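Have a look at the structure below before the remarks.
To keep things simple, chains are lettered A, B, C, D and E as they appear, and every chain counts its residues starting from 1.
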Amino acid sequence: MTDQDGVLMVLAIIDGILVGGVYALMAVGLTLIFGVLDIINIAQGVLVILGAYLSYSLFTKAHIDPYIGLLITVPAMFVIGVVIHWAFIRRLRGTERTSMTLLVTYAVGLIIEGVLYKLYGATNVQLLPSYGNSSFSLFGNYVQWVYVWDFLLAVLLIGAVYVLLYRTRFGRSVRATMQDQTAARLVGIDVNRVAALTFGIGVAVTAAGGMAFGITNAFNPNSGYDLISRLLSIIILGGMGSVGGALGASLFMLTLESVVSIWQPQWAVAVYYAALVIVLLYRPTGLFGQKAVRAQ
Amino acid sequence: MTALLRTEGISKAYGGVQALDGATIAVEEGTVAGLIGPNGSGKTTLFNVITGYETPDAGQVWFGDRAITNLAPDKVFAAGIGRTFQLTRIFPRLTVIENMLIAAQARDRPRNLLSWFGKDAWTHHRRHALELLEFVGIEGHANVLAGSLSYGQRKLLELAYVLVADPAVILLDEPAGGVNPTLINHIADRIRQLNAEQGKTFLLVEHNMEFVMGLCSVITVLESGAAVVSGPPGIVKTDKRVLDAYLGTDLDDLGVDDEEEAR
Amino acid sequence: ACTSGSSSTPSTTTSSSSATTGASSSAATSASGSPSSSTPINIGASLSLTGDFSADGVAFKQGYELWAQDVNAAGGILGRKVKLTILNDASSPNQVVTNYQTLINSDHVDLTFGPFSSLLTKPASAVAARNGYAFVEGAGGAPSVFDTPANQADHNVFDVSLPVADSLMPFVNYIASLPASQRPKTAAYPMADDPFADPPVQLAEQKLTALGVQPVYTVAPFAEEQSSYKPVADQVAKKKADLVVLGSTDVPTVAAFMAQFQANHYTPKMFIAAAGPDQGAAFTSAVKPGNAQGMMVPNGWYPDYNDPASKKMVTEYEALYKVNASGVNADVAEAYSVGQVVQAAITATGGTDNQKIISYLHSAVTLKTVQGDVKFDSLGENSAAAAFIFQWQNDGTKYAQVLPAGGASVAIIPTKPQWVS
Amino acid sequence: MAAAVGGGRVLRGPCHRAALPPDGPVRPEGGAGTVTRHPRHADGQAAGLGTAVKGGALLLLLLAFIAFPKVFTNPAVTNYGVLALIYVTAATAWNIFSGNTGYISLGQAVFFGSGAYAMGIAARDWHLTGTTVFTTLPLCGAVGALIAIPFGLIALRVRRHTFIVITIAVFFIFQLMAFNLPFTGGSSGLASPFLSWPAAGYNTPFYYIALAYAAGSIALAWLIRRSRFGLQLRAIRDDEDRARGLGVRAMRVKLSAFVISGAITAMIGAVWFYYIEQVEPQTGFDPIFDLTLVLMAFFGGYGSIAGPVLGALLLEPLTLWLNTQPAFSGGSVSEILLGAVFLIVVLFMPRGIVPTGGELITRIRTRGRPAVVPAAPGGPPASQVPPAASGSSSGSGPSVGSGPSVNSGGAR
Amino acid sequence: MSGEPLLAMDGVVAGYGGGDVLRGVTFGVPEGAITCVVGPNGAGKSTVMRVISGLLRPRLGTVTLRGEKLNGKTPRQILDLGVVQVTQNHSLFKDMTVHENIDLGGYTIKDRSTVGKRIDAVYDLFPQVRGWAGMKAGSLSGGQQRLVEFARALMLDPVLILLDEPSMGLSPLVLKSVFDAARQMNASGATVLLVEQNARAGLKLSQHGVVMENGTVRLAGTGREVLEHPEIGELYLGGTVKKI
């Protein structure tokens, strides 16, 4: 490895960490929905895009800064999540519940995507606040401020979700519901309400992920598809239901990818997935799996 | 005569909990042995270690003169040790009879492809399975999904499994828990009969003293992961340590009324 | 690319396989047998209105529709109105095959127009080939489109657009024309793994290196995944090359590279991308218009192209979609040209007989389109197409042809200005 | 959280104590849950009659499928048949492995694409043309099987969600290999040889080949379902560790099913390749394909043979058809409609078409009848049989939160 | 023996979708007493419990608590009326700690300080459980889990407590403490409805006995009547005082 490579390596690592923050932000909601509720949320990618479009509309139409706009988009997405759960997912039970949630979320994703096409067309857009590409220098490399904000936002939201799940009565009821619905009902938990709220929260935090995505990437209604398999693999690598794990796994994944792409960009994705396979063979419950809400 | 199944100094810790602490037991061939001990003394964990569901931190498991310590569950079964589970583990989405057939065919070694795909090759298993289901009184549920059985019925199915699988050594983890008393007596009779007629070896864990004391010729008492006493029922039930740690003041008081007649 | 080796004026009667001819005449002639002037000419196409190619597919649809509208406003072709049936293929090969089978066999369209992207053009053209349909298209430009066995047998594919491999040549020639001191010293060639994006970039790299431009980033292509863009762009930025030739296929890729370059306080002196900046307002809405300044892209068409049909198309488009001329996506013109070529063929052959149309289009005629001249070689590539290089100027409000310098309407901005914030 | 459950061994789930089925995190309360009785009748004669009727119906169905391209000769129609049957085969192959074992594979496109590429490469390198290309089908199956062995040996060491993600990972690795390996044609992919068949009947041979594969794989699925092999697979689905304790050699059994599934999928992938005449990395190794199979299986009903078949027969033509309707132009309308169809089905058939249908039938048939045969020795119950159902409970049927409630529904 | 039944089941028909499991169950649970239900495996005892606690809706018939109709109510509403159930199968939240499980037993108590007090009280009653507080419930042994479940049910002050086979898996010494606790709760006013396979122990503890068979009530009477009924004894209670 030459000196030059060493410099690029540092750069690649910084890149991985920064982009990892954005992916973590998109994955937190999925950790709640898939990892905790065991709902295979195929619509997560589309929900990210929906969040991005909400922020985009506020920004272009009402000139609300994307970060401040979260005060509106997060509650809006929460309502959307609760409605989706209340209308469709609530009815699913039994051993097919998990599999049928895939059907429901796929359908919801299709509909949201269709509506986005109707509203916004197929043209790619991006959230372009004035500070979008401003950066500061670190170890001779430039770091974009938005990535820093997104990273902090990810840490903040992940912390909030952690506190919510592990430090509150509501969080206890969520975890209880997911482990044993019957027992939860016997201790007086309204399982439908708890699940709907949790789903709502999962979708709500995705609004932040969408904003972060939209500020760092151009997108159109179809852009969500490429995200879902990455997000799934992130939360499994992090450990099902482990909110902190989602961040750790995002950083691992994006850093690896960006380091490999110094030399072999065409194999970067494959190297990440190969590493994923190897890690999971040795830690089937993921990097932070032992803290998972559910053991196997 | 050397013991058919032995464990030597098995230890197993989970975090701070020492579930097994040098547990050494021996089961002679052709006996009905008992394993008792307070809740959490490590009985189930010992079963798990023997049958390959857990890896011990230390110690050896011997089956005859073969060390089977770290064998996988299917290998242990193939060696001739079958077990039941305390918290039942049936196949909820298979029918009861299918549950039985899984166990019944376990020791077959199909020679050709056809016998893998043909089902008629094992109709005789079906007959045997139905007979056992009848014995435990759930033959009426043969074609019902096992997940819909009542708790006690599941326990009975567990028992029927291991009987139909017919291993040389049968480990039973609380076979009587949740089972109707009349049926418990039948089960005891069946075990005696299998033992006498086919020389089957049993090791059973039970909290039903009536059942254990009446059935077992040797009883080992486990406490805090170690075997503390071993001997015939008469000796064990009067041992001071057993009384203090497990049975309470004496056997006649099974936690019911004081005037409970001796059983 | 052309493996058949036939001369530039092939005789289509021999090149069409007999089986296909037999089968096709029933479908194609029955529809065109009695061209009463009242029956409309039914034209079918499949486009990616959703899915991966939707951004371009929708623009293409606008082009087809605009063409049909113009034709009908002018009284149709041979007195017959044009009726367009556009189906959505969701960017899926199964769907595109289904759509063309439906258009041809159920809707009995008279003629077919191509879909968007080389990926879908290949299976679609095979369906058309076996049914004896001419397949005029504007967005299947990869060499592999023309090499398919079906096309080699039936020669029914016609791409009205510029063959991709040579598209960067005007730019290369421009560099060659500069005095050595003014040429870029170093160049970076990042490219996405795509059959459309790679050939021109590879050719440009070869030629420019021969000219003495030192390649500083020639790493293998990156996967077209959003997570790849930032790291690759940052690596490229670190090389501080004077020239960046980006093998891109769409707007998000170019936008990502631009953003990362800006964040790295790196402005290449010249920045040319294989595709993306040609998409008009769709491009400027994804990057800051000010940053579009100086961005270059090869293409066959530009809004100021001095052609009456093109001017008319642009005016109509402006009115219809409320954008200025520079906001018109080049996809629109590609689609429009498809219509024009077919229109010329119908007029010349006096009907919608596909075999006649195929023969006609292979007869080395030169046709006029909004994209300029079109003349097909034996496998349907447009040998007459002129490659142009365009540049965004006036802070992203003007998209102008700058190369080749001779016919250029506007002078090139030789050095890309700093990014704006 | 002092004592973490579980050890490090990959092969054994750490949680041996729980009576938890490997599938189903929301732990159903033991017995509670809607459970439909197995459709087999205790009464032998009735069963025999039922089988005859079923067999007759199946035969008629098969004849209908054979007659289809003779009746509907329009290639636009037979095209639906070809694509639907390709998906029937692929979904059934998925079902042979995933439906039986409960290991949800989202990596079937690995086989599909490899089959397509195998045929493409073989035809290219051996200069095969015309119908002789079809002779490579067994080879394509062998390629699928060969890939399935290492793939399975790796992926089948982990369970549930981890397995799903590993299949996704392997899928992406294969897609990138198709992009980057020297013999795959790179991002341009491969074109199939040219078939000089007349357009009118072009689809028909493909239809019959696909039909043969579909019928063959369904028959195989059925054979497996009723065999010892199938029983072991389903035992693995319910509780793999327990099955091992009963002597089931889990890895061997799972892997066999995976290999069978991979071989069939690869062969049908090759058929698809020849039909579409191209394969590129994105179309051969298409993540949507993986998802589609799973959607089809769940839509029709997971766990039965008929479910995925029905799902494929309904969904593939429906999706294709919606997009061919100019009335839904703009594309997004057809997406919204398709989504709505899904949601409506889920609302009314929350367990998929086949299981919910079967459950309804059982519920109606057994209404007011005792559920069980007397469970213990003893005379008839002393108390009276309840009055006939008066419908007073106004449809408030039994509603238990969740439970092991799998229904066999149709073909089992 | 206090008179008015606290809970009354009248002609209850219920099932799980594959026919009726309960086929007209009628019996009363006298207030302030301990009532024990016995019967063979699969008779429907646990199903009765599920119907009472609202987990399963009956198809026909009524369940009333002090005259108030229970069917149609949600488990939460029934819980709020003071009916607490310990189920037969293990229903702990296995990946949560024992402490969290106990805490969740008091989920319906809004006031945190009351919850804290009750937890202490429960721990005092079963000191072993306090020792396991930090462990994951699923890692406990079968008997230990049973005990935790019982302890969790004691978090509320129930009017009626439903115990589905409390004796299962408990060692003799622990069983004694559980039965003692049940008796103690009964003494302080709670009505107990118990299902037991350990019929002699269960019936001895109870004032009333109910024998179920095949989804119906075969016999109801005082505990001793049931225990000494010759036919019942032979069929379900393991014979009359048979010595093994």
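The definition used in the following text is that a residue touches a chain if its C-beta (ideal position, glycine included) is under 8 Å from a C-beta of that chain, and two chains touch if they have at least 3 such contacts.
Values in this document were obtained by computation on a predicted structure and should not be read as measured data.
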*Identify the chains in contact with subunit C as well as subunit E, in label order.*
A, D
_Can you tell me which chain lies farthest from subunit A, using the average of the Cα atoms as each chain's centre?_
B
_Pair of chains joined by more contacts [C-beta pairs], A-E or C-D_ = C-D
_Centroid-based (C-alpha) most distant chain relative to subunit E_ = C
_Middle chain, criterion being Cα centroid separation_ = D
*Where the centres are mean C-alpha positions, what is the separation of subunit B from subunit C, in Å?*
74
*Between subunit A and subunit D, what is the gap in Å from one C-alpha centre to the other?*
29
*Centre-to-centre distance between subunit D and subunit B (centres being mean Cα positions), rounded to whole Å*: 38
_subunit C, residues touching no fewer than two other chains_ = 49-50, 52, 54, 57, 193, 220, 223
_Quick check: what residues of subunit E touch more than one other chain, meaning two or more?_
16, 18, 40-42, 46, 55, 87-91, 94-95, 135-136, 138-139, 142, 235-236
*Could you say which residues in subunit A touch two or more other chains, in rising order?*
95, 113-114, 117, 179-180, 182-183, 185, 221, 225, 266, 269, 294-295
*List of subunit D residues in touch with subunit B within their complex*: 2-5, 7, 9, 11-12, 16-19, 21, 28, 30-31, 33, 35-38, 40, 42, 223-224, 226-229, 231-232, 234-235, 237-239, 241-250, 303, 372-377, 403-406
_Contact footprint of subunit B on subunit E as seen in their complex_ = 16, 18, 39-42, 45-46, 88-90, 135, 139-144, 146-147, 165, 168-180, 197-201, 204-205, 234-239, 241-244
*What does subunit E use to touch subunit A in their complex?*
53-55, 74-76, 79-80, 85, 87, 91-96, 100, 103-105, 107-108, 136, 138, 152
*Which residues of subunit A touch subunit D in their complex?*
34, 38, 42, 88, 91-100, 102-104, 106-111, 113-118, 177-183, 185, 191, 221, 225, 229, 232-233, 236-237, 240, 266-267, 269-270, 273-274, 276-277, 280-282, 284-286, 290-291, 294-296
*Given the complex with subunit E, which residues does subunit A contribute to the contact?*
169, 172-173, 175-176, 179-180, 182-190, 292-295
